[in-house]
Structure formats: C-alpha cells, structure tokens
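In the two assemblies presented below, chain A is common to both, partnered first by chain B and then by chain C.
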Partner chain A sequence: MPEPSNVSLEVLKDRAKFIRTETVRLSRIAGAGHYSSTFSCAEILSALYYSQLRIEPSRPDWDDRDRFVMSKGHAAIGLYPVLADLGYFDPAELETYTRLGSKYGDHPDMKKVRGLDFSSGSLGHGLSVGLGIALAGRVQKKNYRTYVLLGDGEMAEGQIWEAAMAAGHFKAGHLVALLDRNGLCIDGHTEDIMSIEPITDRFASFGWGVQRCDGHDLPQVLDAFARLPDGTTGKPQVIVFDTVKGRGVKRMEMSLDWHVGNLVGEDYDDVMAELDAGLKPYEVEPAE
Partner chain B sequence: MSTEMQNEAEIFRGTTEGSTSFKDSRSVRGTPKAGMPAFVLGEELAQMAATDDRIVVATADLASANRTNDFREAYPERFFDFGIAEKNMITSAAGMAACGLVPYVATFASFSAILGAEQIRTDCAYPRMKVRVVGTHSGMSMGFYGTSHHALEDLGMMRTIADLTVVCATDANHLRAILRVSADHPGAMYIRLGRGRDPVVYDTVPDITIGKAIRLREGTDLTIIATGSQVRASLDAAEVLAGRGLSVRVVDMHTISPLDRKEIAAAAQETKAILTVEEHNITGGLGTAVAEVLVDLPRVPFLRHGVPDRFVEVGPPAALYAHYRLDASGLVAVATEFLGL
Partner chain C sequence: MVEMVSRPYATAFEKFAAGNPDILCLSADLTSSCEIDGFRDRYPDQFVSMGMAEQNMLSFAGGLGLAGFRPFIHTFGVFMYRRPYDQLMASIAYPRRKVRLMGFLPGVTTPGGMTHQSIEDISVMRSIPNMTILETGDATEVESICEAADSIDGPVWCRVLRGSVPRLFDTPIKVGEMRVLSEGDDILVVTAGITTEEAMRARSALANAGLSIRHIHLHTIKPFDHRQLLDHIGSVKHGVVTLENHVTEGGIGSLVAETMADAGVGKRLVRLGLKDTYAHGGSRPYLMRYYGLDALALVRGIEGLMGQEFGISENDLDAARIDDVHSLVKAEAL
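What follows is the complex of A and B.
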C-alpha cells in the first residue's frame, strides 16, 4: 500500500506553479476561468496530491484509496491537470476543456473524469459527500481518509453545518476538511458579506480537531498534514489554510475582479511570465 | 381498513397502541392494532440486508414514524439517524453510494423529495448514485398536520429530473416488491409511499418490473390509471361502476418515470375513455405525464383527477379524501360526470 511520499519542497513548489499555469492556459481555451479561487488552493492541491494522498492512479477504483472531494468544484480547472499529470488520463484530453462534448467542464463530473471521487459544483454539498464516504468506510471496515476541500464562501451554506454537526456526532475521525480561507466570496470579503469567523472555534465547538496555518507556505502545509491524528481518535479534523485569493498574480491578489475572468494577448504572456518566476512575498497594498 | 380508524398521532410513532403513564390518554408507541396493515419498510430492508451487505438505511429523526427502527434493531451498525437534517442525509447517502453501498434514506415526502430536491438531483441522479430516497406520508395523508407536511408536488418535481426512477408504492406487498427490485436497479430512485399502512390491493408480493404498469382489472368503457394510494379507491370505484353496467379497466401505474407508454397507448386504443387518478396536485404529476403521451396519439376522451392547484384545507385524511373526491364514492361521481352519465 503506497504511503504519503517524501517529495521535495522544490517538486511541490513546481507542481503548484504547474497548477497555476495550467489554469491560465485552460482558461484561454474556455474563454473564461476561475483563476483566483484556483490560485488560492494551488499549494494545498500540490501537497495533497503529490505527497499526502494514498492513491494509485493505475487503479482509480481501488477500494482502500484515500478519497478527495472538491467541494469548491469551481477550482476543478486546477485539479484536472494534476490528475492528468499523475497518469489518470492523457493530458492531451485537456485540449478539449469545456468544448462541446468534453469530459472536462468548469465543474467536475465523476462519471466522465477518471480519478475524480465525486462530482461537485453546487456549493455546500461536499462536506456531506465526504461524511458519507467516511461512514461507508466504517461500514466496510476500511481505514482510508476522506479529504474535502472547502471554500470559505460556502461556509455560509447551512448544509455545511449539518455535515459538521453529524461528523462530530458520528465521530468520523477519518474525515479531514481542508478550508481554503482566501477571504473573498464573489460579492466581497466574507466578513462583509457573511462573516464566518471565528471559524476554528466554530468547528471546534462541533467536535472537530482544528489546525490553522499559512496555506501558501508549503512547509507549514506539510506540517499540518503530518500532525493529523489517525482516524481512531474519532474526531473529524479541519485544517484552516489562510490563503490569498488570486495568489501568484499580483494584479489578481485579493481582487474582486478575477473570480472569473479571461486573460488574452499580452496580459496572458505577462501573467505566464509572472507565474513562471515563482511566488514573491505577499504584500498588502496600502489603502489609498 | 379505512383511514378513519387510524389514530392521527400514529403518524409520528408508527403505531396506534401503546403504554402511557397517564390514565385515559394514550401515547402511540408499542405494537400495531390487530388487523392493521403492517408498515414493512424497515422489516423488508432488514430481510434484504441479511443477504446483501450493500444495504444501509438512514432517516432524519423519524425512525418510528417510518419504521426504519425495525432495521436499526437488526443492523444498528448499518443504520444512521441524521437528525432533522435531510439535505445532509441525502448527500451523505450519495457519498456512501459512491463507495458501493446502496443506501435507503427515508423521511416524510415533504422533507425528502421537496426539501431535498436539489440534493436528489445534483448528488444522486446526476452522478447516478444508487441512493433510494423514500418519501413516506406523501400526498395529503398527513391530513390536519397541514401543507408543510403534505407532498402534493413531489411527483411533478421528481419526474422532471433526468436519470431518476420514480415509483409509487401501492400497499405493503407492493412496497416489498419495489424494495426487492430496487437493490439492483441502476441509478437513483425516488420511492413514494402513502402512510405506510395503506389499504390492501395485493394479497401477495406481486412480481413487478420497474417501468411496467400492472393491469388489475379489464374493461372497455373506461380506463382508470391510478397510482399509489389511489389504486385501492379506483378498484372500489370500478366495482361500483360495474354494478351500473360499466366495464372499467384499472391500471396501477406504479412507475411514474420512466412511464409505461405502451400501457397508456393500449388504454387509448382499446377503451373509450381515460381517467387518471392521483393524490397529487393536478399539475405536473401522473395526469400530466399521461397527457404528454396521449397528445401524440389519436384523440380519446381524457380527464385528469387529483387535487386542484390550490393548497388544501386542513382536516383528517378521510375527510380530505371525501372533500376532494379521492375516495371510492368521489371517484364514482367524477367518472360518471366525465362520461356524461
């Protein structure tokens, strides 16, 4: 059984860059893409898929594999290249991205995408899906982990808290929520539109084990994964990753304009060059 | 037995008799009254689970009302009470189905099909998860508990969802038959029940095929196409009409989606008129589905009968059925008016 591997930080950084550049490239095929929501979770996805998940791409239906549910399905554009890169399907298939009849739409379809554990797109559902998968593992006496990537905007959905309550109640210790806390929903800052803080206290009060760290700092991300207790504690786990929406492209960082956009012409080339240079320290612009 | 005999509190406890700490009053737990039709949902699922380890059951704080507690007693480790959180229950069931389990999730139809409609569509039907959403106490069988607890729109909502099989149980034996074939049926299903202790139509467990109607009575003057709780009333009405010299065919259209178009075409060809009968809003349910088939066929006199497109009155179920002419005598009146007799 493959275990989480010790890949180098350089590899993980490179794969995070790959997730971002592929997002820009595929968005150009579609004529629109969820850039900033995907950029915020690039390090999380990289660390998860290239070091953490117990999976075998040659056997996508392997019963004992760890599961991953992308509750924030609009970031699937960053997941498809990872699945292709790992060998679930031919990367050339992504050239069809969003075109008529393609397997790969903006929101992912498990019946079409090899390696995808569940379909998503309607926000607020993913934690329930993950809970069901975790409970199935209990019924079937498996010890896989189920990871669910949540957006912070969808924390306003009531079903998230139904699932959080039930996971605590059912002692779903093999369920791990990964919260991409990038601070923005579509209409503004989450704390202005529908505040979700104190988010760690809220999960803790529902019976969850809680960690919080910088979601762009790969050593911190890996450390948080390493600290996850095994499922036998009976406590579902959440890692709140503080991230920056649009991270990696200066003009998109914490911008409300780039939830969905379309980079063309010189802007496309400039952004690709910026991403290729790697992440620079994040600086908050002084208020004008 | 008639609904008049039922204790209206039994809906929440699933039984009519039980002990109480009070002198004359009666809470409703314990064993059913003698002669009362059994509510077999949990019992049948437990029997199936004995040889099928894919089966798991969930409810939302209504294990007594829908008798899934009979399953819980037999298989506690395969039973989940999600509390009053239907959306989470339905979506979690989809997650379980993704791992190869076949979950049956049951609650009142108003809270499974109507409250959970988006979860059924997006998480069960679209990814073709083998989730069986069971809607008990559908229609207006909750009587004076009111519109919040009625489901008179569920068929219309469910049958427009692609890749979702929609089936109505007629009585206890028919429910057993549906459950037995459901375990290996592909994709998601919505199974609609009445109160669970509905009047008997089938003396034994019938041999059913999803998508194939059951012709219960032959006739040539009129075909009554009914579903669920209205099949018994339709048979009784046909008997009365027979006494008046009318030859009435009765069809149990238990599967609403996919619809048995051949049986509808046969009725249009072989009988002089068609009447659909359902405990559902007249818009969008069985009658509408049959009309969609008939519109492509040579014209035949056709009437849809159900609940008018208004929220219904409060009242005991039997009184409501009489008021809306959804009991046998009401159906006789509807049919004779329709035929101009």
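What follows is the complex of A and C.
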C-alpha cells in the first residue's frame, strides 16, 4: 500500500498557503478565478500531494502511481501550481494561464497538463471515472489507490449516487472519495438548495467506509488519511472534510459573491497580505 | 452607436411570468448566472430550485407539463441536453410537453472551455421530432423570447444571450419568420445569434468593395420557411455564405445546404463556423477571431466564394464591441 511521506506540518501549512496565493496570482492573469472553491480544499490538496499520494513526478505515466481525479474541476487553478511545484512541468508555463493556446485553462485537460490523470469541468462525473480507474487497477493486479476530490454542490447530481452504489457493489476498496464539504453551492447553502445530509450515513448505507473531520486542520486531515484501511477490505472509503468556502480570506469566507471573482489593485494586495499572515481562527459573524 | 441593454432577460422574464401561476421557473444552481435571481426573490411561489441535478429537473418538468404547467427551465445550454438527453427525449419531446428550455451561454459566449460551450446543440435539437428551436441575436429578441417560446404547443429550445446585449432590431420575434436585413443581389449571407452583429460590422466595407449583399437573420431555426430562403437564394447571382456560433455540421449551414440540395439549387455555398473542433476557453472576441466566426472571417469567406480578394482588412470593419465587465468583483465569466 502507499507509504505516506514524512513531511512536516509546517511544510504542509506553507504549501496550503502557496495554493491560495497562487490561486490569487493566476486569477489576476486570467481576469477572473474560482477563489473560494479552491481555498476550501487547500489543506486537502496540500496533504494529499505533499504527503499522501504515491507518485513520482519524473514519471507521470508510472503504472503503479496513485491516481487523482479532480471532480470539482473548477478548483484546477489550485492544482496546477502544485503539479508545477512538484516538478511535473516548469512553473513558468503558468504565466500563460487561460490564454488562448495555453495548456492551463479554467478547467483541467488531461491531454495537455502533465501529471493530470483525468479532465474535468462538467460536475458529477469524477466518482464514476475514479471507480473505473480503481477497478481497472484491480483487474491489472495493481495496488494503487484512486482518490477523487468531490465538491458538495455536485453531490446533487444523480451520477454521483450511481457511482456510490456501484463502488459499494463492486467492493472497490482502493477508491477514496474526498468530499470538500464547504457548505455552499453557487445559489446558496447546499442544505437550502438541495440538501445532502446526513452525508456520512448516506455513503455508509451504500457500503462505504466513512470518516469526517475538519478539512482545514492538517493534523486531522493527515490522521484521516492514515486511518484509511488497506484496500483489500473491499470497502470504498469516503472522507468528509468539513471546510469553509473561501477559507483564509475574510471577505470570501462563506460568501456567495466569490465563487468567481477578480481581485484588482489594493484589494489584490490586501488579500495577498492576509494570506501571507497565515490562517486565523475561523469566526462566524454573529447573526444580526 | 448601438444601444446596449443590461440583463434584458431578467427584466423580460419577470414581466412575462409574474403572476401567471401556470408558469414555473426552474433552476439548477445557476440562478444568478441565468439572470433569474430577482424573480426568485420576488416570486418564490413560482420558483423551484432543483439543485445541480439536470436529469431529475428535465423529467420533473415533463411531469409538471403533464399537469398543465409550462415550466421554463434555466441553466447553461450544455447542461440542459448533454447529460439529460434521454430525459429530454422521453419525458419532454416525445410526449410533447410545453417545456421551455432556456439555454444560456450558447457556443463560444463562455470562457469555460469544452465542458461549458454548447457548440452542437442546434444539430441535436434539429433532429428531435416535436422540438422548436429559437435563437436570440439581440436585446429585442431576448426581450421577446418568452412570449415567442410560450406560443408553441410543444417543447422549445432557446439560445439566450445574457449580460450586456446590443439592440439591433426594433420588432419582436415572430416565430417561423426570418429577418431581411439587406436586399442585395450578389451574395446571400445567412446568420443567427451573435454572428448577425458580426455580419453587420462588415456591411459598409463590403458595400465599399462594390458587393451587393442580401443578409438574412434567423431567429427561428425550426420550423423553417424553406420556400422563403429559396426565394432569397434565387435573388442573388453568386451564392450563399452562412456564419454560425456552432459547428458547421447540423447547424444553420447544414440547414441552408439541405434546403438547396432538396430543391436542386446549384449555387455555391460557403459554411463558416466551428470546423469539427472543440473550442478553447477564452474571451468571446478572441474565440470568434481564432475560430473564424467574426466579421473578418465572413469577408474572407465571401472572397473565397467569389474567387477574388477585395483588400478589406480589420481596419475597414466597424469596430468590434467589447462587452462591459459588469463588475470587477464578479467578472463576466462562468
């Protein structure tokens, strides 16, 4: 089974910050970006890529690597800098982000991006794709894991539950769903728009092993990864990460206005300074 | 200077639907993106939030239709037919329910890339029995799309423009008709949606080059008045050029080709549009230039048909219009 790298918490925290600041920087190149959906999964991506995934960036096609499918493809802006940082490609290529002809668009394209296992952008597909990859691995006698990062908005799509049912049915023990439970879809709170709770019970009833933790608390994230059972147990696994949409930038936290946005001028500088100072405890504004 | 109208659909839909209990407004987590957020807030009893679940939404609309409601479904065009195609066929089109499918961000009007660009929807919808297809090309057509769609006894596919939309016409859509924008006798130009504005940008340059252009704008793609199109084709000497925000297979270029072939018309036809390709993500003017959907591409197409060059460059065309970004915080994007 995969052996997690022994990376310090400080490094992982720093890489989560890097994911956020790069998201802000690249959004300025594009003129718009998906800030808040990316900020909510910054710690998840940091822990996954810098500690958990069994990968070799010098060999992106290595047969035994762990696979990763970013089902919530609009957060690709946070993934590209990580892939570059790990050596899949020259970080300078990101200066072309979203420009015509660039390999790096608003949604990720596996035919263009080195190190990307699958394309996405149309929500709801990723868990089925991940299941296919996971079962292919079983047929080919591989022991890699397949991780799928899901948004909570896309949990409303029927295909997600078709995949959840099939994964339980086929006992896909090497499939790991990572749910970025940031609470918001575009129109509002998921529980107002299309409720998905009790989400762990729902997965459990489909034959999945379930965990739930704070997705911004890196020790908890690492602990959840460490608790993933050996794939041979035959139970697909889901970790529900409770997160805050827009986490790290006060004005964006749990705001509906920053799903897509564009920071310019002083706002850009203010947000970069806020991110540079590191995460502050999350505070919910008292209701008026 | 062309008048720009801000969010014409928002205003028009509310005016049309408010207080009519048979009209229900359905949304799949793209409410403000489809300009129905104001309606949701003011008429909550007529608004149904379906979440990001299009298959369910379409069959649900078919069920509402059976009970006599006339649902107006709102989401990006791609998400309304690619995923729930079977539901569209079996729950809406075959039983001929009065469901109005308001598809936003047609063709390259979104920077979202392949997953967000409906580039083959007209081709798909033309092949569905019972389907009517309307496309908006200006603010007046957006303002009249609800009445036009709701006049049809069956499902209607609508390509709807959002945001800041130019006003090119002063009369509403009359289903089944076509607009004659100029009556020249050298070349027939056929456009629809956002390509009509592009053809209008080339108008004076083509006239200065001595070309007499007959220009037809289509807001109704199905049903289609083949007889009238054939009359226009018969009125020009050299041939026809079509320009569409869509792949050239199955769209209005194909529609014109089929009409000509069926009638045995032996004139030249040049079909401009996306050529067997997915489009990159990018801004609309950029994509229209890159994929040959703009005024200059039309000029080059006409030159190709005529077999001669007219020395027209970008500088000779009316200025391209750059859409205003409606706020810096929420840029016109996804």
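Rule of thumb we're sticking to: the second predicted complex is superposed on the first by the 286 of 288 C-alpha atoms of A that agree within 3 Å, B and C clash if a C-alpha of one lies under 4 Å from a C-alpha of the other, contacts with A are read in each partner's own complex, and residues count from 1 in each chain.
Definition applied: a residue touches a chain if its C-beta (ideal position, glycine included) is under 8 Å from a C-beta of that chain, and two chains touch if they have at least 3 such contacts.
Just so it is clear, the structure is predicted and the values come from calculations on it, not from any experiment.
Of the two partner chains placed by the overlay, only chain C lies in contact with A:G105; chain B stays clear of it. In the superposition on chain A, A:C185 contacts chain C only, with no contact to chain B. Of the two partner chains, chain C is the only one touched by A:A32; chain B is not. Of the two partner chains placed by the overlay, chain B and chain C both lie in contact with A:S122.
Applying the stated contact rule after C-alpha superposition, one finds that A:G153 touches chain C and leaves chain B untouched.
Once the two complexes are overlaid on the shared chain, A:A226 sits clear of chain B and of chain C alike. In the superposition on chain A, the residues of chain A contacting both chain B and chain C are 109, 121-122, 158-159.
Those residues of chain B lying in contact with chain A across their complex are 56, 77-78, 80, 82-83, 85, 87-88, 91-101, 103, 118-119, 122-123, 126-128. By the touch criterion given at the top, residues 63, 69, 109-111, 117-119, 121-122, 125, 128-137, 139-140, 158-159, 162-163, 165-166, 169-170 of chain A touch chain B in their complex.
The touching residues of chain A, when paired with chain C in their complex, are 31-32, 34, 73-74, 98-101, 105-107, 109, 120-124, 153-154, 156-159, 185-187, 190, 192-194, 257-258, 260-262, 264. Touching chain A in their complex are the following residues of chain C: 27, 29-33, 49-56, 78-79, 82-83, 111-116, 280-282, 286-287, 290, 325, 328-331, 333-334.
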